[in-house]
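In what comes next, chain A is part of two complexes: it sits with chain B in the first one and with chain C in the second one.
Showing the complex of A and B:
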């Protein structure tokens, strides 16, 4: 049954790739069928029990096909189905053939190609096929990011992504080649007993970490997510970066890891969580803010994963399992909320044509659905009850608290990690208060925001579906536990206990009660407003004669205090010319937060490499005579070596 | 007998220097042709008793290297209207000095090589190394395609000379292999030179740098 569903999914996605450019309707049907079949197969594995495995005599590239869907990959496959399907529906309303006659057909093709290659990555249990699918996945992501290729910004983001992705893939090539060399086969599977493989886990961490956007390897992430069309950003942020997480979960479960790797992952995760959200707070571009928030959430996920590895290494401590379950659930939660938020951002962009928050404002009157769903996503992503972000962060907190109460160095390390998580949560709340307030509240700051309109049904439906999924995970977190228990069991056989932990069951009731209270409060307020009516009055404006829509809090003023704490890494650039004298000339205030890691670290190194490379390129000048000199020189050196040796 | 072999090889080594030192294409071609004839006669002198195959190969070598190829080259030169000037990248005197240094180095290196006793007293190995080196110098230091063909052929002569070490064990194989190699090489270079001439109106290889990508 699982196999049939997966086959159906792969066939539908392949057919969608083929017909996508021409037949939009058939493409949507095929993509939805493929996504739901993938979701169905994942649910069968997660809730039905048995992992699915299939070996074929058919060989591809000299290696026999070997596919496997166990609970770990099924967790990710389920998310792939939800996000892939929702994004496809959204794209039909958002990136239509009428508005983008050139890029919409290409977008449909690469969308299905990307879903297909990600499914194959999740399924394949052979290093060679994994690499092939991984590369196809990177290429289709590249084409989706640079879909609007007439814009220079999108092309640059695509190139940056491609370069970073290939740097990571290089590590993965080395990693899989080493595994194949040591194992004698490209076939993958549990190899826990092979302690000599442990050092190669670093290669996997580097290779998958780049794709996951783990700080400080996240350099490609902000521009790629910001410049891509919003449904693509949703897929990238909701699913593509989770493929990197998948790689780490997969191989940390299958192979022994060096003792230091868990510490490194917790450390990088904690730094990434705090710094990622600090960067998010300082952004003025709505989608860039969301992208940096993804860096934060990947940091949270890596904290959980690293903690789980430490727990497994220290006598299968139960808190390790809580951390792993929290990390895996956070993959789901972050994937769902973040795609919801990116779709909301897409809806705003579609309505106003700009992502710059300082040009927006007051959109909630024109776009109530988008505003409400954005608020819901914000609450969820900030890790506030009663929504789902809180559930997974709660599991991570519980794991960290249990680790603190245990003795030893682990306890001391868990405490700062918990503090970092709390700090990141607070900053996330600040970021989303800023984003929500500047974009949706107040009055329209520019002409662009004034004529905004609510998005159509095709765009609203997937947003509602994602919001519904978030609510489901929030109100019934215990329902996710069987899946999590199977996944943790597949990761580490000692952690397969299916009994729901008490805190999770309680949390479901608490969340439901809280949600009911909130609903009751809103209902009461609404009833009062309907009875008494709303009294409208001008805002107190300190006595200005002509208040203007531009006299509002800006995004910068919302985030200023908190982003000043991080000015040592944000390095904000500021140009200001104050008004002076009775008839002041033009005044200027310009603020920009650079991509510190990219501009201060990666770019100089890359420029050095380029200089070396162009120096080496001078050897290639096309003069036959000099090529013969190289040849003679080489032969002479070899002859001298042979004579001396 | 060793004396006459050494004499011929010595002649070939002298012709190397002549090819390096001459400033005009026809004399380079002539040096190469005479070298080909001299080396072509070597198998006849080296085999102890008369063998028909060896004799046929030797005669073939002499005819092809001494007459056919030089004739083809002269005709190509006339057809393409090439200047008789060689146009060196490195001047004649430095080339000559390089060639001489290479010859001395070849002799010096030969003393360190573990050779069979019957080869140790011939000039076969140093002569072949020196000729190969000369071929390389011509290939590197000359500009025109025709002089590069000459360099290539002198290089081939050196390889042929080295191959003569094996003439006792596999005589016919060596000969025919070398001849085949040579013919193909000349054909390829001839065709390339012809195409270059047609495409660029010149046989100056310096103008080919745009083809490097």
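Showing the complex of A and C:
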């Protein structure tokens, strides 16, 4: 049954790739069928229990096909189905053939190619096939990011993604080649007993960390997510970065890891969570803010994973399992919320044509659905009850608290991590109050916000579906436990107990009760206001007589207090020329937060490499006499070596 | 999960929290009046204010969405829910489960989100300023709170509020109490972080966020603020004193006395201190965070020996 569904899914996605450029309707049907089949197969594995494995005599590249869907990969496969399907529906309303006659057909082709390659990555249990699918996945992501290739910004973002992705893939080539060399086969599977493989985990961490956007390897992420069309951003942020997480979960479960790796992952995760959200707070571009928030959430996930590795290494501590379950649940929660938020951002971009928050404002009147769903997504991604973000952060917190209470040396990892999680949560709250309020509340800041309109049904339906999935995970978190229990069991056999170690059912009850109380209180207050009488008047503003839309707090001023604490890494650039004298010339105010790691660290190093390379190129100039000198010199050196040796 | 909660207990607890809370600002004002040698407002002034506001009509900004009314309601429910989780002496909380302490902290964060969101509905620069300060200082306050509850969790070996607030007096309790007192002053917008008496000042936080609220929503905001103050006073008392270990009667008396003392302490701080300059507020909050962190390290190291 699982195999049939997976086969159906792969066939549908492959057919979708083939017919996508020409037949939009058939493409949507095929994509939805493929995504639902993938989701169905994942649910069968997660709730039915048995992992699915298939070896074939058919060989590809000299290696026999070996596919496997166990609970770990099924967690990711389920998310792939939901986000892939929702984004495809959204694209039909957002990136239509009418508006984008050139890029929409290409977009459909690469969308299915990306879903297909990601499914194959999740399924393949052979290093060679894993690498092939991984490369196809990177290439289809590249074409989706630079879909709007007439825009310079999109081309640059795609190029940066491709370069970063290949730097990571290089590590993975080395990693899989070493595994194949040591194992004598490209076939993959549990190899826990092989302690000599442990050092190679660092290669996997670097290779998959780039794709996951783990700080400071996230340099490609903000521009790629911001410049891609929004449905692509949703798939990238909701699913593609989770492929990197999948790689880490997969191989930390299958092979021994060095003792230091857990510490490094908790440290990088904690730093990434706080700094990622600090960068988010300082952004003025709505989609860039969401992208940096993904860096934060990947940090939280890595905190949980690193902690789980430490827990497993220290006598299978039960808190390690809580951290692993929290991290895996956070993969779902973040994937769902973040794709919802990116779709909302796409709806805003579609309606106003700009991502700059300082040009927007007051959109709730024109786009009530988008505003309400963005508010919901904001509450969820900030980890606030009664929504789903809180459930996974709660699990991670409980794991960290128990780790500290153990009073072992691991407290040095868990204590800073817990404080970092608290700080990151509060900064996320600030970022999302800022994003929601500056875009949707108050008065329109410029003309750009004036002609806004609500998105159509094709765009609204997937947003509602993702919001519904968030609500479901929030109100019935206990329903996710069987899946989490199987996934933690597949990761580490000692952690397969199906009973919940924490009262998830009580938390679900509390979330439900809280949601009902909130609804009742809102209804009661609204009724009371109605009875007493409601009058509309201009904003009071302490009696100021002539309020103006430009007097509102902007995103920059809202985030200033907290982002000033991080100015040592944000390094904000500010150009200001005040009006002076009786006839002031033009005034200037320009603010920008650079991509610090990219511009101050990666770019200078890359520029140095380029200088070296162009220096070396001077050796090759086309003059035959010098080539003969090289030859003679080379032969002389070889001759000397031969004489000496 | 505490299954012994009878159906009457929940409404009784809720009524106690909601009815007693508005007393605290009255006590603070009486203390301040006493120190200044004034007669001061009646003890029950806030009750009168709430009753009057509840009957008034509402003026709402033309820019505001329904979120302007939703925000105060959400914040109020969140704070009331957090109060219900709070154990009262030996009687415990209305609902007690593993990890409830995190729910309490995040319910307070939900209240902050809703209040800040509603403040920004009006597009007023004042309210933007208040909301920006609230969410920024909230970062430090939340880090301090997590460090504080983590120290209690380490000391008691539990993540359930009932058990966490039960340990007998330990050396870190002094550090913890000072840190929590500073967090209480910041989170409830009291001097030296904020001045609840000023209304048209550029230096305020909470009052600036609710400038445009009126009528029943304003009543809900003010009442929610008083419940939050009582919640923090109870948390501070129980974190510092072993109230959960006393017999129910003595425990209740000790809790009431301690909450009164904390309230009077707030009044005295407000009488003898001026509000800090704004750039020094983060420093003070960082100091509070460090106090809680020292308490945490003390608890962590203390048990290892």
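Just so it is clear, the second predicted complex is superposed on the first by the 601 of 645 C-alpha atoms of A that agree within 3 Å, B and C clash if a C-alpha of one lies under 4 Å from a C-alpha of the other, contacts with A are read in each partner's own complex, and residues count from 1 in each chain.
The rule is short, and it goes like this: a residue touches a chain if its C-beta (ideal position, glycine included) is under 8 Å from a C-beta of that chain, and two chains touch if they have at least 3 such contacts.
Bear in mind that the values here come from a model prediction, so they are computed numbers and not experimental data.
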If we overlay the two complexes on their shared chain A, which of chain B and chain C does A:427 touch? Say first, second, both or neither. second
I'd like to know which partner A:442 touches here: chain B for first, chain C for second, both or neither. second
Figure out whether A:262 sits in contact with chain B (first) or chain C (second), or with both, or with neither. neither
Touched partner set for A:643, first chain B, second chain C, both or neither: first
After lining up the shared chain so the two structures overlap, which partner does A:537 touch, if you call chain B first and chain C second: first, second, both or neither? second
More residues of chain A are touched by which partner: chain B or chain C? C
So in the superposed three-chain picture, is A:335 touching just chain B, just chain C, both, or none of them (first/second/both/neither)? neither
First (chain B), second (chain C), both or neither: which does A:93 touch? neither
Looking at the overlay, does A:622 come into contact with chain B only (first), chain C only (second), both, or neither? first
A:346 in the overlay: touching chain B, chain C, both, or neither? Say first, second, both or neither. neither
Can you pull the chain A residues that chain B and chain C both touch? none
Taking the touch rule as given, give the residues of chain A at its contact with chain B in the complex, in rising order. 620-626, 628-629, 632, 643
Quick check: in the complex, which residue numbers of chain C touch chain A? 1, 54-63, 65-67, 69-70, 72-74, 76-78, 81, 95, 97-99, 102-103, 105-107, 109-110, 112-113, 116-117, 120-129, 131-133, 135-139, 141-143, 145-147, 150, 153-154, 157-159, 200, 211-212, 215-217, 220, 282, 293, 296, 300, 303-304
Write out the stretch or stretches of chain B touching chain A in their complex. 89, 109, 112, 136, 139-143, 148, 205-206, 208-212
Parts of chain A lying in touch with chain C, wherever the complex brings them together: 361-362, 364-365, 368, 371, 375, 378-379, 382-385, 390, 393-394, 397-398, 401-402, 404-405, 407, 411, 415, 418-419, 421-423, 425-427, 429-430, 432-434, 436-438, 440-443, 502-503, 506-507, 510, 514, 517-518, 521-522, 524-526, 528-529, 532-542, 547, 549, 551-553, 557-562, 565
